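Before we start, here is the structure in question, set down as structure tokens.
As written, the chain order gives the labels A, B, C, D, E and F, with residue 1 at the start of each chain.
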């Protein structure tokens, strides 16, 4: 047998695994689509071309580019998202449990920061073209500190970075108020007020 | 050359890297101690034998078993900590950016929970011998829900799991109050009150 | 699209993969259970609450907490087991091919040790609260060196550490006696005697 | 000992390793800077704000954001680069041996493509906001297929992706012409012509 | 419950995942065959015993030992291939996107080399018993520089190293000639000539 | 700045880390040699060209190709060794804690086998050109089952696989006889006899 000459099939597999959302999932990701059915469209994604809708409580939107929508990312070591921040917009404190994040500002001015395991705060005001890194799993935020809208792209070191937004984790689910209070030191009044605003129960 | 016969040195290295805290650190951990100076004491640790001091605001203590104190863990895929919770004690909401955690209750009753990336809450009341897992990087807490003191051991899937305790990250450093407020929706009054309690500035 | 507001589904997956033992397995673990059917019980395990049965040849028991019994561990970087050693009990020399192990003594006195790739022996006598690490894949043992029963918990840096117990690997399967002898230098008499005791054939 | 209360140092390390270019390097990256000397500037980088100089043979420029210039990326799972393509500009066929790449177009129109291990070609024309992924180690290119200049940012799933540009690997070093010819089937005339253009010797 | 005594099933899984090519694939590899149906033949492979057919354009053959043909390699960290080079034979410039390669010469004389990310060339002439390493993802080649046939075995640090052979990637698929030319600086005449030889189109 | 044009240094590092045995070690390996001092000789190794000395108790020799002797392997995902087995030679039962192994027979006939975590035995008789895999961390052996000498090469999926040879671990160090006996069920007589043969003490 010869290697990969034009007339012979190659014994080496195609070295990617495009997501087939209909197959079983696994800790390593989605099942692989039949390579014969993979096309160039599996490796491209147009979903970040349009601004997210910022008519919401945070005046901001995160538009992710992940599998299975961006099927070619399945199992790889990168993914992407778009951040739109209207005037006054903020991506609240949040973490990505599965990857570090690097951000680059495309438009506007963004104040960003993170808090380390040693409880130190690192803050920067970033302009067009500036970039910043947020190490894996640490609380960080982005805030439009300019006058007009801001746009940034962020990349993650995994196709499955995960996301946990702090105020939603605290106030937008059914975690009982008394547990929120006991584990954060927040007052009952404050917790109940924010549960009301964000739709939490209990 | 023969392999590892009694009279010949083995060409295979000892397959561990005991921390030498005086050498340079690196993304993979501490420098390795000279293998000739490694002893059995590098692989054992007695620091978890004693209860932590729970005379503090959370009525609880976390005693870690990490390198360099527990030098033999350096670069390996596990580490350990001891949780002591006095009556009413709580380990506030926190994350470990670098590893999952598994807990086993040794004494007392512990209410534990975590919040997923999909913002669901998973809560359990755990008794002696019960165990629970907290997937990497997700907010979780442990709270003494019994009448006496509680004791648990927790293990991490890395020698460097990291730790970020939410109320300290929010209220016990110099992150400006207005940024805390903008990125959490908490009120100025609440933030300043808790900064006062926990020692935060700005 | 906005991020994770209460009224909108989150585009980020839940960042865990609870084992569905009915689906296909894969090098990364079990298939994932439908997230809608995951409950808090998948992340907790009560199987370590009860002492293992030590009425056996080693006067000891290892009770593992692994997937699929502890379904939430699937694909994560940690797992757990309970060691019960009656008086005179011993966990024979064994290895975990897939993870390092860290042990903490809860009751009694345990003599533990491991042998390095450089063929050095590291031995410690451990009391209540003492911990010890056994680097991945190296032969180690635990032995009750006290007067009463001993109890320990051990954690592994993988949800799939594996286990190979030396005397069972040598004497409790159908590995032909002549191969055991040729590859260990043990005598035919000794091998056949122990095959008899432990149930090996050939 | 209590955890991380304001008045006590935290026993958990800061969970990042900012590059100290003066210390020894290691397979995992640069040595870590003393955490006390780390500032917010280590986690931010302004080097991508300015267009690269495209007055060159490829009418294009790649501006990387890597350690040690972007010191906070050291040892993490992400990095970034900026692509500037003047009219007619091209990033020649190249690979990143250490990471996958994801690209997002900021300005202009880019024709991009890669070749799989099964020798299939995946080509896309990308407009502003479109993204595309290039799996690790596979040959790919980006070409300005519009009328004006084009700008894109690319992210990598490693702080050390590496780069190998095909025509420079073939024609811009001292790899002897006869070896280039024997291993590519290119003619002696073609190889010598391109060595002349790109500065190769031998 | 006791561990792994002869009369009791072991709760620890077998710690390998033999490929079942009929099940779904995943980023981590093939599905696992039912352990009860695994035999010793899954862990052995005789396909490298016979010389590959070198009657082809490169006078060489690469015979891989990968899953699913060598089913026991599935998901592991190694694989193997056999290189046969007739007189004048050459393995053209190629990369393995997923693993480093180490080669050992069994017969004959091989000139091998690779090009680094810094565009340096490392060349060696290797005789029987000599070995050489080609770091992951970098362009390398092997060429019979002796008088008779040459034989080598190569190992990879992954069960799925992938393969991309440069002249086939350039000239043996449907990548349009103008794109080959624009991204390599090769002349139209040269590209079309080699597409003709190697069977490429467009 | 442009990329890697002939007259400009490349901002991408060389993507390997050749071992400098004089610098500090780390969990990820040796320190990196200055890239300017790296030569082709760092990536090649002639130490496997000569048969190992089999005039010893096992009539066999393992010749490893590891860093720092084979300096270019440092931190990579592969390494190599040569096995020489004289008539009757045997590589006793052993494990590699840090990698799987794949073997290919070059000369002679080898009976090889391993024991799984489920305590099953997988045995094969291998002839010239046959290969076999031994999954990470599991006990395995190789034995010359032919009439003349046998030669094999083995590759590992790590530059630091480690090695633990069972009879040497049991009988060729200072592990006290009573501990060997208690943890293996071997008789005192047998243990003392073999300690005598292999040079163990205590």
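Convention: a residue touches a chain if its C-beta (ideal position, glycine included) is under 8 Å from a C-beta of that chain, and two chains touch if they have at least 3 such contacts.
All values reported here derive from a predicted model rather than from experimental measurement.
Taken together, chain E and chain F share the touching chains C, D.
Where touching is counted per the definition, the chains common to chain B and chain F are C, D. Of all chains, the one whose mean C-alpha position sits at the greatest distance from that of chain A is F. When chain centres are set by their Cα atoms, the one at the greatest distance from chain D is C. Interface chain D/chain E: over half of the residue numbers present appear on both copies, so the contact uses mostly the same residues.
Centre to centre, using the average C-alpha position, chain A and chain B are separated by 25 Å. Chain B and chain E have Cα centroids lying 43 Å from one another. Rounded to a whole number, the gap between the C-alpha centres of chain A and chain E is 36 angstrom. Of all residues in chain D, those that touch two or more other chains are 4, 10, 12-13, 15, 24, 26-28, 76, 91, 97-98, 113, 116-117, 119-120, 123, 135-138, 162-163, 165, 168, 172, 198. Viewed as a network of touching protein chains, the structure does not reduce to a path, ring, star or complete graph. Pairwise chain contacts present here: A-B, A-C, A-D, A-E, B-C, B-D, B-F, C-E, C-F, D-E, D-F, E-F [touch as defined]. Chain contact summary for the complex, chain F toward chain D: residues 1-7, 10-13, 15, 17, 20, 23-24, 26-32, 74-76. The touching residues of chain D, counted against chain E in their complex, run 90-93, 95-98, 111, 113, 115-117, 119-121, 123, 135-139, 141, 143, 162-175, 179, 182-187, 190, 193-194, 197-198. Per the touch definition, chain C reaches chain B in the complex via residues 4, 10, 12-16, 35, 39-41, 43-46, 48-50, 65, 70, 72-73, 76-80, 82, 99-102, 104, 106, 113-114, 116-120, 122-124, 126-138, 153, 155-158. By the touch criterion given at the top, residues 24-28, 52-54, 56-58, 60-64, 66, 91, 97-98, 160-163, 165, 168, 172, 198-200 of chain A touch chain C in their complex.
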